[in-house]
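Presented below are the structures under discussion, each in the form of structure tokens.
You will see subunit A twice below: alongside subunit B first, and alongside subunit C after that.
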Partner chain A sequence: MARIIVVTSGKGGVGKTTSTAAIGAGLAMSGKKTVVIDFDVGLRNLDMILGCERRVVFDFINVIHGEAKLHQALVKDKRLENLAVLPTSQTRDKDALTRDGVEKVLDQLRDEYDYIVCDSPAGIERGAHMAMYYADDAVVVSNPEVSSVRDSDRILGLLSSKTRRAERGEEPVKAQLLLARYDPARVEKGEMLKVDDVLEILAIPLLGVIPESQSVLKASNLGMPVVLDESSNAGKAYLDAVKRLMGEQIEHRVLAPERRSFFQRLLGRTA
Partner chain B sequence: MNLLNLFRRSREGSAGAAKERLQILLAHERVDSEAPEYLPMLQKELIAVIEKYLDVDDEKVEVRLERGRELSTLEVNIELPGAEKLQGRARGRPTAGTLLQA
Partner chain C sequence: MQHTGRVMPFQIRGRSFTAIVLELTGAADGEFYAALDEKLKQAPHFFMNAPFVLDLDKATGIARSGDMMGLVRELRSRKLSVIGVQNGTFEQNTAALSAGLAPLQGGREVRVEGENAEVDEAFEEEISGSEEAAAVLVTEPVRSGQRIFADRGDLVVVSSVSSGAELIAQGNIHVYGSLRGRALAGVNGDARARIFCQSLEAELIAIAGLYKTSDDLGPDFERKRVQAYLEDDVLRVELLK
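Here is the complex of A and B:
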């Protein structure tokens, strides 16, 4: 019986899709059968980040409408055998995503997979609502920046009231913070909110801190989840977060500013 | 690929890969958005034709697509019942073997 995890944020551009891809790939690397689902109807992108965009045949909405079987719409990852993607529709209207339709698809996936990771669209409209409705866990992606933290707080409110667990009075959705694009050097200079500041404001457990890293853009360019880049600090941070998500106790790494050598500074590069 | 390209590629790093992926995908998507979604219909009609002659299990139909720069491939894989299954289905009717035993 799979656990359903929603990756959500409210604000756009904070790293939801990057995080979904990294978490999905990280779970698959740990031997867990994982499916990632794109809920952003009309703006398909998870396929691009995972590098399978040219192999998409059918989508989530085709399955809901009965035009394709679920197994036909799932795109298997070429690098990780435990990972599959259910792409969203690129053309249909957003009303196509119905609560019953989503439930039917999730129920079918539940028996076959260990984890179902739902990539929420930005905003608080239908797609975001559908992505969180059936969730057991929530990964709230935020950046150390005021509007992002504010929107995360809004999303936390919705998670505790507008989900099936909330409506049925069951154990609430377990929401944890994933703080992305964190720059320890700027935090040290007092230019950026500290992890502790954000935790104090949002008052939820910390799943992980992802350092700002050039490897994230590189991974996106190549269509490869960043966890597959062994030299990437961001990739390592995501793998730690994945272990915590699976229930392991992993200490948070000390987040020290990256020391740059004379040559790196000269070249304007960071690792 | 000539030697010049080789150098250019290494200087461009991952950005070159990003540009190429986008060019291929968007070329396909711009065309697709003008036409109705044909794949679900194509699949339905294709299976309807095959079902006239053969037993097809909906769950055993696999459709694979690979969009490329020069060409794209559409692969439809239909798994048909094997000898054992067919024999199982034919039970009740006397087969050559049972006739001989009798």
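Here is the complex of A and C:
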């Protein structure tokens, strides 16, 4: 029986899709059968980040509307045999998502996979609501700045009231914080919120801190989840987060600003 | 301790109230709700907004906070104001606390008047006319965008209130975490209502319609333990010692 994880944030552009791809790939690398689903109907991106956009024939919405079978729409990842992607439609909008339709698809996937990772669209409207409704766990992605944190807080309120678990009075959705685009140097200068500041406001467990890194953008553009880049700090941080998500106790890495060497300072650029 | 001669801003008293005890004799399942709805149909007004205590002596299940919250939500949706539980197991009491209910002890039987179908008109009048206070207790963080309304008394939050959240109470507001959102006490015009908090970072505080925004409050009280009250139609904030 799969666990359903929603990756959500409220605010746009904080790294939900990147995180979904990284978490999905990380789970698959750990040997878990994982499917990632794109709920951002009309703004289809997850398949691109995972580099399988050229193999999409049918999508999530086709399956919901009975125009295609689920196995026809699922795209298997070429690098990770345990990973599958259920892309969304670029031409439809969020109204195409129905509660019954989503449930039917999730029920079919539940038996076959260990983890179902739902990539939520930004906002708090239908798309985001449908993505979180059936979730068992939530990864709340936030950046160390006030508007993102406040939007995450809003999402936490919705997770505790607008999900199926909340409506049925079951054990609440387990929400954890993934703090992305964290730049220790800027935190030290006081330009970004500290991890502790964010945790104090949101009052949820910390799943991981992802450092701001060039490798994330590079990986996205190459269509390769950043966890596959062994040299990337962000990739390592995501892998740690994935292990914590699976219940392992992993110490948080110390996040200190990178010291620039004498020569780098002389040249006036970072490594 | 030095005697300052100032009047205490509050008084603590014990007072007993009559509540209706709802004794569960099994699980809170569909059958229970059906029977309850039937009972409520017989005397629709009598139970409305009356304080309820759940007796869990013979109840089964309801040991997880989710179950308790579900039960409370169902009862509240029927306009039954549940305030506490009695005779629960340790697990049930813990679940009750997290659902905002108080585990109560003792209690003495009194006759429940008008419990039959023919509700006494005068009694009904008294029920709706008497504004029995009912405090609302919140133990979870109040998130941005959430609004909590205590329409018949005090509002107590044993956690933090995020920016963008709103607390509204007819009576006093107590926040035992950081108050970062808005707090409006005495909304029915009660000028005696007060706001207490452990760390004032509020966007706005108001008592009986008189308000101060974060800017008006200034830096002196920021992140401090304070109380706010009305004095001669002026909203005053002072540090709690």
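Convention: the second predicted complex is superposed on the first by the 260 of 271 C-alpha atoms of A that agree within 3 Å, B and C clash if a C-alpha of one lies under 4 Å from a C-alpha of the other, contacts with A are read in each partner's own complex, and residues count from 1 in each chain.
In this text, a residue touches a chain if its C-beta (ideal position, glycine included) is under 8 Å from a C-beta of that chain, and two chains touch if they have at least 3 such contacts.
As the structure is a prediction and not an experimental result, all values here were calculated from the model.
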Q. For A:G169, is the partner it touches subunit B (first), subunit C (second), both, or none of the two (neither)?
A. second
Q: Give one of first, second, both or neither to describe whether A:P205 is in contact with subunit B, with subunit C, with both, or with none.
A: neither
(Q) I'd like to know which partner A:R150 touches here: subunit B for first, subunit C for second, both or neither. (A) second
Q. Should A:G223 be classified as contacting the first partner (subunit B), the second (subunit C), both, or neither?
A. first
Q: Could you tell me if A:G12 is touching subunit B, subunit C, both of them or neither one (first, second, both, neither)?
A: neither
Q: Spell out the part of subunit C that touches subunit A in their complex, as residue ranges.
A: 64, 66-71, 73, 140-141, 143-146, 159-160, 162-165, 178, 180
Q) Which of the residues in subunit A come into contact with subunit B in the complex? A) 48, 51, 53-58, 62, 67-69, 71-72, 90-91, 217-218, 220-223
(Q) Taking the touch rule as given, give the residues of subunit A at its contact with subunit C in the complex, in rising order. (A) 124, 150-151, 153-154, 156-158, 160-161, 165, 168-172, 200-201, 203
Q: Using the touch rule from the top, collect the residues of subunit B that touch subunit A in their complex.
A: 13-15, 17-18, 21, 24-25, 28-29, 32-33, 37, 39-40, 43-44, 58-59, 61-68
